[in-house]
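Chains here go by letter, A, B, C, D, E and F, matching the order in which they are written, and residues are numbered from 1 within each.
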Amino acid sequence: MATVKMPSIAEAEKNPAVKAVFDDIRATRKSDFINNIWRGLSNSPELMKRIWEQIKTVMAKPSSIDPLTKEMIYIAVSTANSCSYCVHSHMAAARAKGMTDEQQAELMAIIGLAAQTNHLVTAMQIPLDPEFEVKS
Amino acid sequence: MATVKMPSIAEAEKNPAVKAVFDDIRATRKSDFINNIWRGLSNSPELMKRIWEQIKTVMAKPSSIDPLTKEMIYIAVSTANSCSYCVHSHMAAARAKGMTDEQQAELMAIIGLAAQTNHLVTAMQIPLDPEFEVKS
Amino acid sequence: MATVKMPSIAEAEKNPAVKAVFDDIRATRKSDFINNIWRGLSNSPELMKRIWEQIKTVMAKPSSIDPLTKEMIYIAVSTANSCSYCVHSHMAAARAKGMTDEQQAELMAIIGLAAQTNHLVTAMQIPLDPEFEVKS
Amino acid sequence: MATVKMPSIAEAEKNPAVKAVFDDIRATRKSDFINNIWRGLSNSPELMKRIWEQIKTVMAKPSSIDPLTKEMIYIAVSTANSCSYCVHSHMAAARAKGMTDEQQAELMAIIGLAAQTNHLVTAMQIPLDPEFEVKS
Amino acid sequence: MATVKMPSIAEAEKNPAVKAVFDDIRATRKSDFINNIWRGLSNSPELMKRIWEQIKTVMAKPSSIDPLTKEMIYIAVSTANSCSYCVHSHMAAARAKGMTDEQQAELMAIIGLAAQTNHLVTAMQIPLDPEFEVKS
Amino acid sequence: MATVKMPSIAEAEKNPAVKAVFDDIRATRKSDFINNIWRGLSNSPELMKRIWEQIKTVMAKPSSIDPLTKEMIYIAVSTANSCSYCVHSHMAAARAKGMTDEQQAELMAIIGLAAQTNHLVTAMQIPLDPEFEVKS
């Protein structure tokens, strides 16, 4: 159960500001499916618009990182932040963008290994190597 | 300062089990540079070997995810886990594997956006869409 | 399902030490409702008493931060720590203390934005400005 | 040390897109001080603009949550996300907006207590009370 | 619902590499019960083998930390990382290894207290005492 | 640098409420060393007293978990919460209570392994086994 009202899509779209975003989501994704996060965010059309515009710019626009890689990075962050819904929705998005079973298994192996060394490094409090410095 | 002894490379290599791993790191990476995490892990040669073997298998072996993408996923996890050393070392590795300034900026944009939606979803406790279900 | 026994309120109150705390919760909150965390904590009356005394002192006593603000800070921490139950219970408490839909939407916007800049700062490893120093 | 170039303010402002944001920061905050996060973000003017516009909208615009409360919520998230720089910069902002020593001490008490109950609830895996349900 | 296929034990064991690990789990644990994580990991027999070998070495082999203490440390990490399944499975393992109700209550008290001081220290940004330095 | 004033021990002890706690710390620990967290907490004697009383009860009183195990659990939580100061101070405490190099290496191996499986489980969203249920 949610901590905010979860209006149906039809109910939420009665607000034109919400409908405009929903329509843009449908057009951008070439799909009629509007997932639950948008029903929750529709309680605050202004916040919903800001979030959608960022997702459209960062995730949907062609750029120097390919769409599947973007989803895998998103999954990595969502896993480390323990966001169950986000892991589910971006795993689905990654599969829709062509992630194979082999790639999913490798993604999980990388995430698990990173978490292991993150915790080892924090437990040992390893000091920085000067070699990592960025030259200005 | 570390919570474990940080022997010099020369000192650590006196242990043949440590030297064997260091030599494999050098050969695999085609570089003489051994960064600080390995000095810390050399206190426990058995643990060091397990970590290195995983890194070699997961990060260094050709596979279905390209080497730069692997580093970006690693950075994403390390950022969400607040591991300063890990962020530094894998940013350096990503640059060494060809990450451009533009890709680095995009990587950060994805990480930041994911964190934002992770927290929004958790605050709203959005319920799962049945559409995300994996068919067995 | 819980990892500890979840006695009913009636069963838990058979222990006088538990009943004393439950009675104080009811009196302080002017409500008969005892939520599930207290059933779980009743397995360890000593720990339960310490937690309740802190909540009573920090959250229920009039002080320099108003009661609704306290709940919003609590929600912020609980969200970042991915505690679903805590997000739910303190959202309910915030609404009971007068949080409007508009304030809830703003609270979520702040939490999401903070998470985004937290992750950006960690990814960039921004050095501290000396201007932030506290003068002793 | 940072993982991105940290240009001086003067150097960064040579880019008109950066200068426009810096000027808006100065005008909005009525201060000439541009803190380090903006130097880091100036490597990606587009991302910097998106972050600034969110901060301006969420944190700087008069709204239903007062400015000091906003900073305290920001500090709460930043603490739970272990972002040292963010804790410093928003503690400084909170003091600039009038946070007293007493309020700071209470803020810390709330953050610490929330973290404690977050972890207790997660360790006990307390089930949700139906009373917390939001009525649609 | 999972983000990976969850084959039944019988189905998963048709792969001899999976069966070999399952058999070793049964022999090591002297029990026929194979819990769900192994069904999920069986999608990637190589990753499953690496995880099992680590668990066998770290958790199941007699060593300088007793088996119950190992489980309590595991629970502590899993709680702080908000892994509900992991908290459940290692609580069950700890009880199977003799954890009493009193010890469980104390474990939770330590976890909660550590979380509280972790957050207080991060909010205050306490500088390191030189006395904590490890002598090389 | 800290976000709160860091008075010297002598300065802090001018407040009798602070001195009383400091004296109890010295007597309980049989040592004159007062580490930095107490200087920071002395800004709020009431909060400091609550924290000390919990530490004294949970960590210093003989109980069903031995003192070294308690410190290792504390380190595990502090590592997962990325609290550098806490990792340092409790590693020092663990060594003072007899933690050997071998035990420290094992502690780190357990923490790292737990983090790895925590992240794998979250990425796979493994459903709970009914076998883990606690019988009421």
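Here is the rule we use: a residue touches a chain if its C-beta (ideal position, glycine included) is under 8 Å from a C-beta of that chain, and two chains touch if they have at least 3 such contacts.
All values reported here derive from a predicted model rather than from experimental measurement.
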item: Touching both subunit B and subunit E (chains); value: A, C, D, F
item: More contacts between chains, C-F or D-F; value: C-F
item: Selected pair, out of C-F, B-D or B-E, that shares over half of its residue contact pairs with C-E; value: B-D
item: Interface residue overlap between copies subunit B and subunit F, same or different (over half shared); value: different
item: Magnitude of the superposing rotation for subunit A and subunit C (Cα, nearest 5°); value: 120
item: Reference subunit D; chain at largest CA-centroid distance; value: E
item: Whole-Å separation of chain centres (CA-atom averages), subunit B against subunit C; value: 34
item: Distance from the mean Cα position of subunit F to that of subunit E, given in whole angstrom; value: 20
item: Multi-partner residues of subunit E (at least 2 other chains); value: 1-4, 6, 46-47, 50-51, 54, 77, 79-84, 87-88, 91, 107-109, 111-120, 122-125, 128, 132
item: Graph class of chain-chain contacts, one of line, ring, star, complete, other; value: complete
item: Residue ranges of subunit C touching subunit E (in the complex, touch as defined); value: 1, 3-4, 43-44, 46-47, 50-51, 77, 81-83
item: Residue numbers on subunit A that touch subunit D, as the complex places them; value: 1-7, 46, 50, 54, 57, 128, 132-134, 136
item: Complex contact set, residues of subunit C against subunit B; value: 75, 79-80, 82, 84, 87-88, 107-108, 111-120, 122-125
item: Complex contacts: residues of subunit A adjacent to subunit B; value: 1-4, 6, 33, 35-37, 40-41, 47, 51, 54-55, 58-59, 63-65, 69-70, 72-74, 76-81, 83-86, 88-89, 91-92, 100, 102-103, 106-107, 109-111, 113-129, 131-132
item: Subunit C - residues contacting subunit A, complex; value: 82, 87-88, 91, 101, 104-105, 108-109, 112, 119
